[in-house]
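First chain A sits with chain B, and in the next complex the same chain sits with chain C.
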Partner chain A sequence: MFVARSIAADHRDLIHDVSFDFHGRRMATCSSDQSVKVWDKSENGDWHCTASWKTHSGSVWRVTWAHPEFGQVLASCSFDRTAAVWEEIVGESNDKLRGQSHWVKRTTLVDSRTSVTDVKFAPKHMGLMLATCSADGVVRIYEAPDVMNLSQWSLQHEISCKLSCSCISWNPSSSRAHSPMIAVGSDDNSPNILAKVQIYEYNENTRKYAKAEALMTVTDPVHDIAFAPNLGRSFHILAVATKDVRIFTLKPLRKELTSSGGLTKFEIHIVAQFDNHNSQVWRVSWNITGTVLASSGDDGCVRLWKANYMDNWKCTGILKGNGSPVNGSSQQGIFNTSLGSANASLQNSLNGSSASRKQS
Partner chain B sequence: MEELDTEPPVTVVPGADPARTQLCFEARGPSCVFVVRRDQDIYMETLRKLFNESHGIFVGLQRCEEERAVRARNAQLIQVSKNYRSVIRACMEDMHQAAISARDSALHSQYSIQVSILSAMELIWNLCEILFVEAAPAGPLLLRLLDWVQLHICDVDNMVREVLSSENPSKHKLFWNVVDIFVLQGRMDEARHLLSKEAIANPTSMNMYKILDDLMKKMPVPSVGNTQTLTEMELKWQHWHEECQRYLQDGTFASSSHMESICKILLGDENAILEKKELMTTWYHFLVTRLLYSHPTVKPMELRFYAQSSMDMFLGEESSPEPLDTILMAAFEFELHQVIKECSVALSNWWFVAHLTDLLDHCKLLQSHNLYFGSNMREFLLLEYASGLFSHHSLWQLGVDYFDHCPEYGRVYLELHIERIPLNTEQKALKVLRICEQRQMHEQVRSICKIMAMKALRNNRLGSALSWSIRAKDAAFATLISDRFLKDYCERGRFSDLDLIDNLGPSMLLSDRLTFLGKYREFHRLYGEKRFSEAARLLLMLMTAHIAPCSFWMTLLTDALPLLEQKEVRMLNNHADGLSTKGVQFLLVLLF
Partner chain C sequence: MEKMARVSTALGGNTLTGRTMFCHLDAPANAISVCRDAAQVVVAGRNIFKIYSIEEEQFVEKLNLRVGRKPSLNFSCADVVWHQMDENLLATAATNGVVVTWNLGKPSRNKQDQLFTEHKRTVNKVCFHPTEVYMLLSGSQDGYMKCFDLRKKDSVSTFSGQSESVRDVQFSIRDYFTFAATFENGNVQLWDIRRPDRYERMFTAHNGPVFCCDWHPEDRGWLATGGRDKMVKVWDMNTTRAKEIYCVQTIASVARVKWRPECKHHIATCSMMVDHNIYVWDVRRPFIPSAMFEEHKDVTTGIVWRHLHDPYFLLSGSKDSTLYQHIFKDASQPIDRANPEGLCYSLYGDLAFAAKESLISSDSNRKPYIGDRRHPIFFKRKLDPTEQFEYISSSSALSVFETDVESGSMDWFVHTAKQYALAGRPLAELCDHNAKVAKGLDRNQVAQTWTMLRIIYSSLGTMSSTNLNHSMGKGSTTLPLMNSFNLKDIPSGLGSESRLDRSKGESRTENILMDSSSTLINNEDNEETEGSDVPADYLLGDVEADEDDLYMMDHENPHAEEQEYSLPQEAFPLRHEIVDNPSALDHLQDKADSPHVSGNEAETVSLTPVESFSLISISHSLYENRLPSDFFNPIVRDTLLFYAEQGDVQTAVSVLIVLGDRIRKEIDEQTQEHWYTSYIDLLQRFQLWNISNEVIKLSTCRAINCLNQASTTLHINCSNCKRPMSNRGWICDRCRQCASMCAVCHHVVKGLFVWCQGCSHGGHLQHIMKWLETSSHCPAGCGHLCEYT
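On to the complex of A and B.
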């Protein structure tokens, strides 16, 4: 049913993230070796590394692509307390012949005082905007007002989440009925029963992001979080990677017309909870229609979840390593699978790397 | 795939090690990225023809005018079903050829597997056509089932051919096997023909033969036309059955075990029929034979009882039902949803269930099951099938039509899928755009054009970038690119992509800057053609219309200077709105 191909990534250290571009033909990897690599898929389906460069002075935790409407743009974030935006420069014809391309740094975002743990671009209808989150619990939202000038970014919002943040996800819905929304996950390990998933919503009146919801039932450290693409539904679907896989629906209720302005209240339901990984779940990722969810865990497996027409979620596939060495040498570490699914055939990429961020 | 409560399939990724779950502090060693994708490639290439042709049938079915008369509508739907089946058979034939000509054994077995899967699909579809689409009533039902068996149980064809083509068929060791097969499948004429050869070769059995032949000739079968009612047929059959019984009990066939066993079969003796298990090969063959010789006027709703008992008797203790058996049983039990569900699980592609369910939905069979997800199931399966097509570099175009006929989610699925199609070439981008424009998917049109414009701009193909931003109706981007053109002109002293700029037409009005670009180029053209007065008038208009960017005023003024030298232009200066030489010089002094 699935066929796997391995690519020798040549990172000199653990790979922490893999991200596909919008069309699924380019891939970016980032590593503790402080570099980012960009891979391009050729006509015959082979992946070639077309760029490799040092991006930070610490482990690079995440890498992500902007929408192709903005050109070929990447953002990365690192233990070195910064996030950066990169743009591909169309090289000399020599470079092109050698199959190499050149990426330049457009900006460094230095506002964080601790490790920046995630960076994500906002949905394209919001313009060229991105959010970062840090270990000190602050989510920052930046905007580039002139999309043709990637060196000018301004810090628009600073959201204090009070708990160390590990991941963020923008709600992709472009419906006018939905205000911009961002979900934040926390991997705070201290013994408490505070909600580890918070939902922030933009308030048109105050022009600020305010906390709309906290998922009280998620009290274990959260490693990844992902809103599903919206199919014109009135409600939202959110997947959470924590000690198990959880899928929530958030149904907006009538907007409260209080003095603080229209903050939406949500009816929250958990529609699925799966502990099949039997261990920490590190990543969750949706396919483009939001009908299949992929999750990866410390059991070294990737699982695929799908709802049938009765809306019952079930596991429809498992990808598992067979333990055999690659190229005669043994695999180190476990899987931190980063699942970027850019097209209907659900391309997943698994990489061998350490799952924990505690080590830098 | 639609799964039940079974364990999901596990795919092993070679080279990936799940066992080492401890953190490695010395994180050394080669790092690896695994790219995993659905193994659809081979199957999509080989089934391409099936997808293409069934697409035509599908679209035809959605669009065709529904016949008013029930009979005519029924005939219409049966024809559609037959068309689907012939497409499956054609694909099977191609696959079979591919298997034969395959060079390596792995490929050969892959093709062979596909052939047997297609064969099973056709078998199931055919039965569904008989039971659900045609809804054959008692009488014709048996005739259809006999055809079905004859068409699909081909294991014995070789044997038949061998015997028939031998010099002395009646002496062939498999002679009686073939006679039995004919009898079991209700092929009376062929059986009688062979028996006559035996009679000639063996005159002593002439008497027995004549009686048996007569019985076989007289056997009442449901008629194709309306020449007799069921009751009439049942009566006749009862008489005939009793006659056979008498001959058997009289010991007429005692001296020939073969003929005696045939007589027993004619009487519907289950044990006698079961003795020929090897020749029937399947329980559903056994079922139809049983029905033929014990209850030829069986009603559709009675099938389930015979089906279950036939399977039990045939399989006995040794074997358990396979997926195909379960599907067929569900069909005999008229459990439509069960059929679809089982097929979804057993088959590794959505093609079959999507098209069959759609057809059954058109037969208005899903709603009658009184389940709220009746029509949603059709849409669910079509969406799954079409989504799968979108991962293919050219079959995605078929997917578009399927989405079009999914009223609830089709449009949004199409929007989401179509914007992800890699736009490798301009042609592909234009193809995708045409589809979006036809469906008023304005946001997707805008987005795709923007992506193409951006790509062109990055590669410094200004002309291409401009035409894409015009198509996207993206005024801001058009302004930006116009600025680039103008900047280019300032640096190099000439325009690139003249063709494009000269033929902007009304799209020039998209943005002020673009208008300026177009008009400025026109000014240059007029000047080049020595139409100085027109050029001057245009230049004047450009200066006064406030659409020129500030950075360009110098250039415009500088352009004015040589014009002022021209005789015709000096005449203009006599007009009130003319630009005098003095005026220009004054402005130039100001600017410096």
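On to the complex of A and C.
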């Protein structure tokens, strides 16, 4: 059962990204109106905007939180060709009395010559690192050598992907067996059959990122890509939002079997492919255990996908953006899942409360 | 075809056709201008001055106006303009301050017509009057604007802006006498051509130089200006004070603005630095360009719409020495690539979803997207300027889908983490307890696993006499009571006590680990001797329990002496005592071992009705066959792997901890470490710090164990005298006061002590929290506005 809680976001243009922080208590939104807003959850579950500020001089495509160990830190990227790192300042200002917090820009990353389309912090165990990708097909990896100094970032790696990049995802696995890995999606729409998802892996020997795999079956523009939280799995799960939703598993083959170069070879399987959105799929997001995938598409619906014990992925719920009932949701099934009650009875019923929604 | 039809009607039968094309120039262009018939374009720059004709497939060079042996500076053009009424008439602004007119009708090779050398510095802009053939206006770096009558040798009038350099001058299209001038100091002035003494009106439009302006071709009141402050502003000049009606923020300083013909709200811009693209904006949607031309490799210096009434063809010249014709159809549209939706799963299973209003509005239930939106990227809509942006005021709806407690939320994880018992009790009890927890949360499979684990690992020991069992049962219940008490204390955070007890627990587990090899042997011994040495164990266990009780007593009346609070001094010796105590060691082994519990088995089995009958019978057969204790290890290992692969690392780690050495060898260190780090990360996400710390402590991986000992140093100042404390105890050496007094209740704080890093006052967590609800000042009265983060 989901209950829709509508929030008057009050952005003056499209919202392009929503992001929860590590603990799920804060939320950041970014919009074409060049601003980022931070929302804090109150005791009674309401979301209050505690900060709203102009971040860039172009559309802000993505916003993402750093691990709280590094402070309350956000990164944003924009059409204005920059990415920026922001830190919340707790000071003895009047802001606190108004329930507002103060965010200051710690750095601007200006290396890109084109729109920066995604920015993601690396998993915590890698230190304070972030990756950006840009429309000219370059993935850049920055590191803050001193985690206490957020204004100093050095460009560590530049990976040329040859294709206009739209999204990136770090492999979150903390296992020593898995080298740092980053998946890049491209929204290149020229009619070619190049793989639109590439996976780069860090090679300890050369100290460079090298292309480990390309998902040859994905040839349509990719809008979003997400590794599932790893949680001790030996393999990786990757969700891809393209003209449909696809879920891949990447099983690293044993090192002994991989011939040379130190790059891991993967056994890649597509475990699910759904075109239920009947349109472009814009976003994919995993739940915290990596067992449920949410996807959203041009049909304005959020669909939830979950594997049953046979590893068959099925739709377990449809959420309509405006809270109205969804037709044709009979396809959903209820499974006895291996996780017990976890999400077994996920339903699509919605009690829409769209009182505060503006109509354009 | 529809588009072409529109164009042809607009142009009175003269259709424009063409494609995106370019030609190389010999030198960088500074400015371009088109002929009235839209068939020719003039390109001017420092080293170039040429006329090209625009053919269907290409540009063809028609005329090179730079003639003569020694190139004069008069040819070095900052600006060029082609007269819109007389197609033979051109004017250029030279960088040396000369205004030159050119007559293409001249028979000689040199088409230069007139030379006005009145400006002292570079002329930035020249502009013909839109309807008056002979009137030419210039604006110069020297701060003057001059109006020339081409029939005369000299300027007719000079306008002094009284401010800095003039960057642009533009005749109003509708007001015969009016022109606008923009200045480097950010001002815009309006002049009446008949009154050279004083401007009609002046206002500050931008921060920093205003590089350009353009009158709206249809609406007489609108003037667009662009400046170094990266803004394009549209001013309504009809009112007495110029009113800013639109403001577009671009990503670089704006060098040129040009209203798009036939599209009331569209304006094209290019930049003079950094950004090489040409953007077309809808001023009503100021954040994202409606179209973008990305062809140029260097700064675009001149943009011009090919025809006065055609919105589809744009010409541009650039520093990269190319001349381009852009077709609107080929423009990239950033909004098409822009993501209209945002989606994020929160920790607790809530979903935040932001989507374009039009996507989720109720009438989109008609499913209109199957046909035409399926490949929206490939499919470029035909641009009809009237309805180009149907969602002009695009906005998104943001909503959070909240899971309720029963279904999708992650509450089960938190509950499980909190309730699981991982150590400090006999295996069977741990398993039973955890099975019960899992069962209580309707996680039957996990409950089943725990029960099976208990059967597998507890039944392998000795089945002893009832008498013995009884005593053992007693032994094993007293101790766990102790332990459960300790565990309960930890969350409430009684500093020294819990620390002490924890250190004891630690030593216990350490002992277990240290004797991992001997455990099995011991186990077998037990089997052979049928538990003959068990009574001794029991006694020892009793002794230890008494010891514990003694310590507990100590803590119950802690105010006996102040020395009590100096935690480190006390804690460590005690710990060593325990470790050194061989009896405790023996006891611990047994406690962790199976024989104690085996007797209770039947009882507990009957208590848990979940279990199937077959399971019990299996347990019997196990016992009878006396299978080696590691017989089931591969199966258990596979079970754990299964849970991990399913994303339930919690179960995997919990079992790993509870089984300890029984299973540890079966799973390689790296995987274990991976599980631990994943689980600890999850616990920390849920802010279950105590549990995560416990897991770290109980883990057997070296890499994990050291996690909570890494790089945490506390430097403590005495809250009384503000001097740094030596790290011995909580008594300040200097002022002989106990440092950890609660500023609210003035008692010594044991357990969680919270203090402000600013004034170093603090106290009981609860007290401080309560205090801060009513006041933001320090409870100690020091006047500090305390910050607790």
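Convention: the second predicted complex is superposed on the first by the 314 of 360 C-alpha atoms of A that agree within 3 Å, B and C clash if a C-alpha of one lies under 4 Å from a C-alpha of the other, contacts with A are read in each partner's own complex, and residues count from 1 in each chain.
Just so it is clear, a residue touches a chain if its C-beta (ideal position, glycine included) is under 8 Å from a C-beta of that chain, and two chains touch if they have at least 3 such contacts.
All values derive from a computational prediction rather than experimental measurement.
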Touching partner for A:Val197 - first (chain B), second (chain C), both, neither: neither
Contacts of A:Ala4 with chain B and chain C, given as first, second, both or neither: both
Which of chain B and chain C A:Phe70 touches, first, second, both or neither: first
First (chain B), second (chain C), both or neither touched by A:Ala239: neither
Which superposed partner A:Ile182 touches (first chain B, second chain C, both, neither): neither
Partner chain in contact with A:Val18 - chain B first, chain C second, else both or neither: both
Touched partner set for A:Ala131, first chain B, second chain C, both or neither: neither
Touching partner for A:Val218 - first (chain B), second (chain C), both, neither: neither
Touched partner set for A:Leu163, first chain B, second chain C, both or neither: neither
On chain A, positions contacted by chain B and by chain C: 1-9, 11-15, 18, 22-24, 27, 29, 31-32, 47, 90, 124, 229, 231-232, 279, 288-289, 291, 298-300, 302, 319-324, 327, 342-347, 350, 354, 359
Complex contacts: residues of chain A adjacent to chain C: 1-9, 11-20, 22-24, 27, 29, 31-34, 45, 47, 57-59, 61, 79-81, 90, 92, 115, 124-125, 166, 173-177, 187, 189, 191, 221, 223-224, 228-235, 243, 278-280, 282-292, 294-300, 302, 319-324, 327, 338-347, 350, 354, 357-360
Residues on chain C engaged by chain A in the complex (per definition of touch): 230, 249-251, 275, 285, 287-288, 334, 337-362, 364-365, 367, 369-370, 373-378, 391, 393-404, 406-408, 410, 412-413, 438, 441-446, 641, 644-649, 652-653, 670-671, 673-675, 677-679, 681-682, 685-687, 785, 787, 789
Touching residues (chain side chain A, partner chain B) in the complex: 1-15, 18, 22-25, 27, 29, 31-32, 39, 47, 68-72, 88, 90, 124, 148, 229, 231-232, 279, 288-289, 291, 298-304, 308-310, 314-327, 329-335, 342-356, 359
Residues of chain B touching chain A in the complex: 1-3, 8-25, 27-41, 348, 373, 376-377, 380, 387-388, 390-391, 409, 412-413, 416-417, 420-423, 447, 450-451, 454-455, 458-460, 480
